[in-house]
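Each chain carries a letter (A, B, C, D, E and F) given by its place in the written order, and its residues are counted from 1.
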């Protein structure tokens, strides 16, 4: 099944990104396709390139980059990002920044869209 | 539909709002701080049991364990599932998240 | 595009305006979604109904008053429906006269049914 | 003490938690989404009136106006103040924020 | 420094652990504050009491289990008092046996009085 | 009176910073002294240098910098900042970054400490 993911909360502050990450790993292991992860609201902070959590803590930014290397598409909302300072200079990868139309595209092309 | 509740019922209306929106055949998944609704002896035991007369309720084992709740402390008939089970529920039902 | 081919997406707005940004960024998404010729509807339930309260004046806050967008969502931005849940209005002591724009006031049971018809539900 | 409530009483326990902690001579300030507790005809009118038998309650005019609530829609005896009034209350009482 | 000169600060922990970071960053602050020889106390009320539940195991979450810090807050980090509100425990079906560390269980009225004695209250 | 300010929420997401800003202006007009603003939890995001809100919206980062020019001390928690990517490269002014001891210092030196 094709699954689209919407992330509305920032890293560490809320558990949302952690739950989503574990959900995505399990979905991929079960053979489902992740059509993309769209970061909106404070969710855009998850793609800030300069995160430096303590060494004994998970690095959410890096975990997401690993998902990307496995072929998962990451999309940071340009408008929500600009408002919060997640822009070309601060985001992990400039290509990830895109418009809200991509969220609707996820809804259209995915069998399920799930919000975290 | 799958109603996902991720806030504590003690501090947020998410749990009671979700209950209000449950139709026949809908199911509920308690995750993150939502799992406190599934704890025996808490204030929401009655509400959850009443919901379970018509609808199935699940809770996520990772969140249960993190919060120090033993499986024996979970209200009977609430089914404990892992992230793969969570994925299966999303495959079976269209999800709506209450936070 | 025929009606059958359109994707049905519903915004489920549950938060009050101004205390958090959810409602404002939900509107920004609604406005963008309208351009894609899909079947987009918007539901206000719980504290979300406060977003429609008429007479909002944010000048003392220094924040933008975004309630002006609701009355033009359907005509200018191609949103199919704006629903408001009757029970949530009542619980908050609000009536149709309190609302800033014309909307479809429907009861919870009818709303549940509509939610069941959606391909995607986006909570805000 | 000054108890500052900034969440809606409909979605958060902040308002009822604050009430539980109010002592004689303590006052409450409703700000941000907390001001919905001061609206006439809402679910929390009874709780607020009962609180006001012993404690004074204030609400912030900027938040009231932003949310489209007219002063005539505010429960009687809730005093409407501006940011300078807010500062005065903090000067008079040690603040605790409930969010 | 004499007891009279010390500043009395109380952390008021009202949120459950793991769902948000508040409790974890509250602990990080407590640990730092302990080093400054002031009079620091910590209160758990509302959902905050869940932070003290024993048997926490976060291995399946991938998050750090910070509940191990509570038992050493007083001895190792010079926190003066850890209070837990009796009424909040009861409402959540918890008893003293459920707690991960020894704390002072006190009722709401006594807690109100202690809060009134503080110079600063830091809600988390 | 001396007033210390603790900000626990990020810009735009919550109204906290807006309320605090209006409160601080009113306090200064009334002749009170702001001993400092300490940014903790998601509050550190308020000092991200790259915020670009829409033109018809307030720029919270700039409003805070104006307060700083009026003599208000701004302090971004180093630990909360690192975890979230608000570090030397991304913060408005490197000198603002400091430790949690500064928050306790605010509690000690202020007549009132208020949390937003």
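We adopt the following convention: a residue touches a chain if its C-beta (ideal position, glycine included) is under 8 Å from a C-beta of that chain, and two chains touch if they have at least 3 such contacts.
Quantities reported herein were computed from a predicted structural model and do not represent experimental measurements.
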item: Contact distance in steps, from subunit C to subunit E; value: 2
item: For subunit B and subunit C, chains touching each; value: A, D
item: Path length in steps (a step moves to a chain that is touched) from subunit D to subunit E; value: 1
item: Of all other chains, the one whose Cα centre sits farthest from subunit A; value: D
item: Most remote chain, CA-based centroid, reference being subunit F; value: B
item: Same vs different contact residues, subunit B with subunit D, by half of numbers used; value: same
item: A-C or C-D, whichever has more C-beta pairs in contact; value: C-D
item: Intercentroid distance (Cα basis), subunit F paired with subunit B, Å; value: 38
item: Where subunit C and subunit F are represented by their mean Cα positions, the distance between them in whole Å; value: 33
item: Whole-Å gap separating subunit E and subunit F, where each centre is the average of the chain's CA atoms; value: 25
item: Multi-chain contact sites of subunit B, meaning residues that touch two or more partners; value: 6, 10-11, 13, 32-33, 62, 82, 94-95, 97, 99
item: Overlap residues in subunit C, where contacts from two or more other chains coincide; value: 14, 18-21, 46, 60-61, 63, 119-121, 123
item: Per-residue overlap in subunit F, given as positions that touch at least 2 other chains; value: 12-13, 15, 22, 41, 57, 79, 112-113, 115
item: Pairs of chains, among all present, that meet the touch criterion; value: A-B, A-C, A-E, A-F, B-C, B-D, B-E, C-D, C-F, D-E, D-F, E-F
item: Residues of subunit D touching subunit B in the complex; value: 10-13
item: Complex contact set, residues of subunit B against subunit E; value: 6-8, 10-11, 32-33, 36, 39-43, 45, 61-63, 65-70, 82
item: Complex contact set, residues of subunit C against subunit F; value: 18-21, 60-64
item: Residue ranges of subunit D in contact with subunit E within the complex; value: 1, 13, 17, 20-21, 23, 94-99
item: Residue numbers on subunit A that touch subunit F, as the complex places them; value: 10-13, 41-42, 45, 48-54, 57, 61, 79, 82-87, 89-90
